[in-house]
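All chains are identified by letter, namely A, B, C and D, in their written order; residue positions are counted from 1 within each chain.
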């Protein structure tokens, strides 16, 4: 004999501490158990894809900051790579290395945020987040030195980067690089073996590799399911083919493994940074394209409008959240004819219902935290 | 160590599809292969399940308004073989564009097809839950279509010139 | 009457009961008998309320500063010196906010919630001995009173959650009740240990017993203390068991819809309940107002409050450190883990007391033996039972990610030594 | 009934108890009725205190306010059909008649009886006395009650256990 209760619909969000922005999760509950989960999004929809059709290729770069605002570098990078593919531009060596360094710093900052907020979703009252912020702040300081902004960076340019790093940048970055391994060891100590975190996240929201692949999941979520797929390794861009690093892979595909994979990736990013700092060559940071002029201090002044040839290009990179792709169709004009963002946060949400049905409300929050969405990127 | 993803050209893909399903390919370019809508699902299933192709991962699904027709682009990847390709399908019906849904092939198409329906107005037949995604129910029109609205300033979509470029007439601040 | 203001007991602050007793004695001479009763209860209640409010205000600041230090922050440091006036500012803000009642709420019950929850939080202190003569009512069923009064929380929380007509609130209320009812049993069993040892439920007797044998029950009943600390965390909704108002899940639980001073009531009741748990632990397990003879020199109430705040600090510490459990895990912990252990613990204590009473053993030997036996037996019991339930060492070890260079390979389910 | 304070307390508590009890019957909203019931329990506990039965009073609070009222609240909330309000029932008038009859009998008994004051000494330690009585004199009924409760616990667990999924 089973006792049936009435279904109970709870709206988690759009104003909720744990939806990481204005995102709404409509849970149908039986007691505490989830029987149905539905996503409602679009509260942050700014119609970037339409706006981008009205702006030149260069003017579109700031939009890419504002999709994934916790990882603006990778957004920039994917977009300029797509345009470069379209225009067939050869990027100077130093610019490639700089892009790699910035992308990896951004990955550490973004993963630190993801891990901290995930612990917060588990109920650790702000402490992990604040510890992670300590490191993230220093990385943001480095960004500020390099490009003058901390969050929406607008650093990459079509054909290179906006300007070379200042002289005092490298010593400060080296200092940070010396500090970080100890910090990461501390986080691994505190979080990975924490009995409560293990109890809360092991065996929750499990995705098998088949499911993860079929549901187009990418990034740490896919790797946590045991699929060793990393665009940096599979299709190296920037200077990733010249550095040595490993793909961090989980074994069980649960929330805990996503968290473990993120922590391991932060360490791999350090490895990449170490090699990049040693091996980065000197040289120009911007390709000479069309009427582009490079100022004596290294800043590239882009021409007002590029006109790539008619065609289409799809470039994808490994952003901290997964496979970030830009699909650009050109009709030969100064603005993209079609500008589409394949945003990992958005597509990683696809299996949310699959993961959360049968779990409890508390689990749903942790699962949502493990997807690590940025609503700016979900809604675009 | 520098492996790179092998991009299978549209011509190659088209050739393979043509061998398996004669008449399924509409058009083939190096960048993509255009598939006829009525043969879409079996073709995509073939692309997914074939041993030498193995495109188990749907990287991106998006719709493009080409003014004369709508097309839906599928960017596919294979992890095992580290290769990628792109296929497309198009529909010339601007009033009521319909394309078969790929959800039965890749569940990952679920949200992306909803997005394409929401913003481009392409109806995916066979989609289990085709609703508006970002915009609310009852929103008039589909904003990503080129004929949706002219933007402020009177600049039409797909314009040839931009403010600041030489030769643009700024006297009238737009054409409307 | 000549030296009304200059009597010795007026300055005897070792026990605030002395000046109050002197005052009452003088009143008794000039007024009818019942006036003494009324004055005594007024002084006692007023004192407890005043102390409670002041401690709450102080601990709002202390908690925020301490947690801020744990989190690499500064904490409130703008209002007053070192932010000391922050709690006052908070309280003023709460007082001046509009008292909103949602239209769909059940008005009467919505108002009754904060009041009902405040009563038990304050009433508990009536039986707590702050000093030798500083007990408002030394009931002979004091220990039971602690639990029973705390049990009034349950309907109050439910009514608050239900009347808000909010789904988060109802969910929070349901969670709270499930938790409170389960952990009430654990509390009873945990407090049964000291009661069995002492043979009285009067809190004054419990303190006297610990003073007489110069030991704390803490050393004799470690398992009971641990269980009571955990059950206390559940009772007062503090980390790691703040499930009922889990911010990241159900916003604020049963008091989601409350704002302004009504929320202030919940907030303060929560602190007072925390103090009550700390006071109970201090009295029952940590020797109350005694400190191995030092109470001759230090005022006993200072000793008591010092211990109380130390115990309360543990909860603050936990809040800044631990994540939150899930409701089913917490319930399983109560019923599958703590309940059997506490039952066995009670049995053991009963047996030990019986042997001690029946045989002619000197107190020191007996207590040392009991303490040692309980410590090792308790440790063995906890570890063994945890092993039995499958919480072996291997499961706790954190896994590390697998590192690979091979693109496209699948490692799902690959078990390698971590 | 020795001092004025106790007499005042008795009348206040009695008024509270009866008032709450009446509100349980009169109030339409079932949750309000349970609140009235809680008031009745609290008043009864107070009355026990005036009778120097402090153990019973505390137990009354613990069991009735802390547990029984929660049982009622859960039953009301978890019953899908019973919304918030009491329904009209055809048994209303029979119930009224029955209640009046019972009230009449009680009032008659109360007025007709000659009440004797007990001169038995107070129990200084009610808790230990009750404990000794339960575990010495009345140990058999006590144990039987325990076994009954155990049966009830086991039965309820069996009832709410999810049915095992049958595997073929």
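One rule holds in what follows: a residue touches a chain if its C-beta (ideal position, glycine included) is under 8 Å from a C-beta of that chain, and two chains touch if they have at least 3 such contacts.
For clarity, every value in this text was computed on a predicted model and none was experimentally measured.
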| item | value |
| --- | --- |
| Pair joined by the larger number of C-beta contacts - A-B, B-C | A-B |
| Chain located farthest away, centre of subunit B as origin (C-alpha) | D |
| Between subunit B and subunit D, centroid-to-centroid distance (C-alpha), Å | 71 |
| Distance between the centres, which are taken as Cα means, of subunit C and subunit B, whole angstrom | 62 |
| Between subunit A and subunit B, centroid-to-centroid distance (C-alpha), Å | 24 |
| Sites on subunit C at which at least two other chains make contact | 405, 407-408 |
| For subunit A, residues that touch 2 or more chains besides their own | 227, 229, 233-234 |
| Multi-partner residues of subunit D (at least 2 other chains) | none |
| Residue numbers on subunit C that touch subunit D, as the complex places them | 34, 37, 106, 108-109, 112, 139-141, 144-145, 147-149, 151-152, 154-155, 158-159, 162-163, 170, 177, 181, 184, 201 |
| Interfacial residue positions of subunit A with respect to subunit C in the complex | 8-11, 16-18, 32, 119-127, 130-131, 133-134, 188, 191-200, 208-209, 225-230, 233-234, 246-253, 256-257, 260-261, 263-265, 268, 360-363, 365 |
| Of subunit C, residues touching subunit A in the complex | 67, 70-73, 167-168, 171, 175, 239-240, 242-243, 246-251, 319-329, 395-415 |
| Residues of subunit D touching subunit C in the complex | 4-5, 29, 31-32, 34-35, 38, 54-55, 58-59, 61-62, 65-67, 69-70, 73-74, 77, 124-127 |
| Partner subunit B, residues of subunit C touching it in the complex | 405, 407-408 |
